[in-house]
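Here chain A shows up in two complexes: once beside chain B, once beside chain C.
Coming up: the complex of A and B.
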């Protein structure tokens, strides 16, 4: 298929240097607060701090996993990445170009596509699978016969025989098949990044494994970059190169998957991993790592947002907001006073003089 | 321990409608008092239908139930009227995935628990409320006196789940039926509820049947596990046997698909295809179309149930 023309082609040199020099996607200080409307005249009654100043980079060709509990902001982050909702502040930089400055929403969405959890709600019930996939390219100016040929090609690519499935409607497919169609549709623009927001969570385990294999194949074939959001820590471990742990709209920890799973630094990451069922009948979990539910993101706790549930919380934790701090392992960062030398936490190392 | 607490023999459940669905096909199982059985299966495997039969919660006019179901020596399928109402909540009680559907939104938690206790035990209001307070304390709801007056919408997800458990156990049932009670919960809350159920089950000495699609959850709570596929139990045994030495190809596939300890980059051993439509009585092995090790005979007749070891059963010709 022909690559959609965009501003990118106007300055190939700048584009190439951006790709080799920096990360493919860079998120800086991204914030989204949802106002709570209520009362007699619909005045604002406060805000839900869904995403509160997060930073991260995604390198070309990697898979970044995002984990966290409900209300941690992982789905809001996904929607911000494709501009389904607009951020209050912060920037989305793709290939060196900033959204809203020298990158239009249209260009962003050609390069960043998304697959949602609800495979049925994602598809128009009145469009056949072939038309559903061809719809986007046609809206973007592709001729109908070309778009249909592309759709059939993509159906075959995700393991659905176009002869059997092209003319079917969403209700005639199983959940796993529908999710394959959603993946095919996301690939119609030859995107660089695919955001998978709980894309396999609603599938039965036996079908989930098939779709995970498909995602791995497509990534290898097409050189895709994935942002893989899930609450299932086993799946994230299997799929991701790096993992980001979110808690109440902020990044608690980010790092290479093996390092983070082997030695989680943030007490919340430790609790999340310890809460996984053991899979060993002789070594069942004997104690819940955390008590109570996650707090409400409307009025998040002061200082470190995790301090109300943290066993290692100290005086400083309720006062000062910890920043992401580099740990010895390269690329591994955690926002916990315990790991920030001189933070005032009794367990933290003393502040070191800056090396020359 | 004379008769088992739950005795299901050759249970068949059909739903009539535009097409007949054979939801459960010849399920037999036993549960001793004080024991926990996990029923593991994917959507449409018949696990929830089997569970609901024990409380007769399936729509009467569309459902045809065959076989025999006995709880504590009583034939459940012949219960009617007041006897059925006594059974529900008194002898056997159920907790669900969504507590908002189990709890009444217009009564506070205390009223709901007290009403159930008064109905089943014929006690007065004060005793009912005293039991409600006792139950909220036992399920470890913080400041239970205050929470008695709380309405379901005023509570967090984990707290509502605890309130529903308190309601289900208020009349000291001998059997607790749990239908995916932790599926909608966050990981750190799920483990709290699983530990609580394990503790209460021991404390009250009740039998528990726990339906889940998550092997990890089944391992955390169960003594024995039965794996269901297409309305049949394909394998059952102690949780240790199943985890360490699964015999049915479907169970093996499920264990692999759990990704626990899966090697990064290695292809997953996915089970190909999808579960069958439940249009008829199975005439062959239901899993044969997806089975990696099927034999010719698998397509011809329903495999017999083999018992490779005491307490284990496998519906597979290769299991012998």
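Coming up: the complex of A and C.
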């Protein structure tokens, strides 16, 4: 992998536009509960709180990384963003227009596209690469010859020679090549935002680096905005401008990547970053930063969802749900009672006149 | 979206080379080609029966009943009424292929439509459609065919109709399970994320990936259909004597099994050859449709 800062310098305007022009995408209180049906007549036996009231903004031209353990709601969030599943409540606001009010699902999907983890399952085994890419534009009214020309153009753009690859089937390509095709397919709509749901996680390291560089190049060329979901903290750091840490369907912490990686505020973020394998033998983690599995999202813990595993948990943590609270650093928020002045946590600062 | 783009993507869009590739691979499969030749021979036999058949299939001679295979003038012997077996087997191909193939063919379309609809839409639509199908599925197929034929009355058309109804539920079941599996694969999700309508997604992304297994299963039902049709005929509900039909001939000759076992087994052999040819052809088709092979 090349210098870890190169990706971020591709979008120098990201920080400024986040504050001035208003966010490109704004997520408010997004919630998705999956009902658990069982028994003879399919009675409801509770709900899985996959995503439980999350808020975040994405500025135009930035890359927002989303990290968290398996089952924390990363992929559900991704699917909600392109309306592959409908939220139970909450709003998706894209460019000032609210989904379901003055923004149709169709418009949303033209502007927000997704790349999935499994490069092979993402491609119809019976469609050639050029047909797979041309499908989207064609169902949106583009003539076939134009769509095919666009598909071949996009293949070239993602580094695949159209003369060699346009007529091939998915099984004739390697994983990295297939993922390039999936990226090309997402780009066929000229989207503003591309949601990359573990898009490079299944690739081996050298191919992963190539695809990441391709993504960075495309972003610079086309002025894209990425929502980059991964469990690989190094990759997220390389790709992202800001990072969002999720835990059990909620946002634990969100902030600029350098600030968050340098000084994680939420105890969960601290544990997550401490779990990163270190290259320095003197800084090896001798003790597991966190024990056990995340609690069951069917019956999440009361109060702060992390309190069952948190070393700094206090009485207030099991009672009151912490809200995202701004930290001293600009744009850095964490939902932990430790950082909410006057929250009642013994480690928290006393209440001040006005939160910074 | 225009219906023109629909057409192109469903036909050419599935890549111009796909179906020609399937045919090319099928052509390289000697077993499938042999089966295809046998089926073609059967069809030709049925079409040109009056030209090939050496005798009158209806005229019997009581003095020449149950002659063994190889009797001069009767190369395959005679049946229990002294009719020429060879002629009757040739003529029998007409009704047998009609009774065996037609119900499965029609049920293949209706059953696939029900199953793919239920499988793709899921939820309540699935529950309503599949529970209805299950009601029919609960009856043994023979019993259902007999009950339907009995209710509708005897005759070839009613026989075909009841057999069609019998074969819809199993085909719908297979179609539903295959479609449910395909619907969860990410390329279908990606197609949904492209804003395509359900119909387009089914045509372009689902159909091609589910039709193979359904088709293979359906061709396996042709042999069952032949046997069921003969059962109906035996009960006086389908084809009636003296019409030559393999199943009916098998039934009427079963009394002669101790006198002329080889002659009595001939209609069964025809059913066996026909159904195994369809099975082998469908197996070949399945591997030819598999792009990875």
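Throughout what follows, the second predicted complex is superposed on the first by the 330 of 356 C-alpha atoms of A that agree within 3 Å, B and C clash if a C-alpha of one lies under 4 Å from a C-alpha of the other, contacts with A are read in each partner's own complex, and residues count from 1 in each chain.
In the analysis below, a residue touches a chain if its C-beta (ideal position, glycine included) is under 8 Å from a C-beta of that chain, and two chains touch if they have at least 3 such contacts.
Quantities reported herein were computed from a predicted structural model and do not represent experimental measurements.
With chain A as the common reference for superposition, the partners chain B and chain C occupy compatible, non-clashing space. In the superposition on chain A, A:126 makes contact with chain C only, while chain B stays out of contact range.
In the superposition on chain A, A:158 makes contact with neither chain B nor chain C. When both complexes are overlaid on chain A, the residue A:271 reaches chain B alone and has no touch with chain C.
By the touch criterion defined above, A:287 lies against chain B but remains apart from chain C after alignment on the C-alpha atoms of chain A. Residue contacts after overlaying the shared chain place A:69 against chain B, while chain C stays out of touching range.
In the superposed model, A:169 makes contact with chain C only, not with chain B. In the superposed model, A:135 lies in contact with chain C only, and not with chain B.
When the shared chain is aligned, chain C comes close enough to touch A:118, but chain B does not. The gap separating chain B from chain C at its narrowest, counted between C-alpha atoms of the superposed chains, is 10 angstrom. With the contact threshold set out at the top, not one residue of chain A is in contact with chain B in one structure and with chain C in the other. Only residues 42-43, 142, 156-159, 186-192, 194-195, 213-217, 219-220, 238-240, 243, 253-254, 256-260, 262, 264, 267-272, 274-275, 290 of chain B touch chain A when the two sit together in their complex. Residues 79, 82, 84, 105-106, 109-110, 113-114, 116, 118, 121-128, 131-132, 134-136, 138-144, 167, 169, 171, 182, 185, 189 of chain A touch chain C in their complex. Note for the complex: chain C touches chain A at residues 1-2, 5, 8-9, 12-15, 17-18, 185-187, 189-197, 200, 204-205, 208-209, 291-292. Per the touch definition, chain A reaches chain B in the complex via residues 69-70, 174, 176, 204-210, 212-213, 216, 231, 233-235, 237-238, 257, 271-272, 275-282, 284-294.
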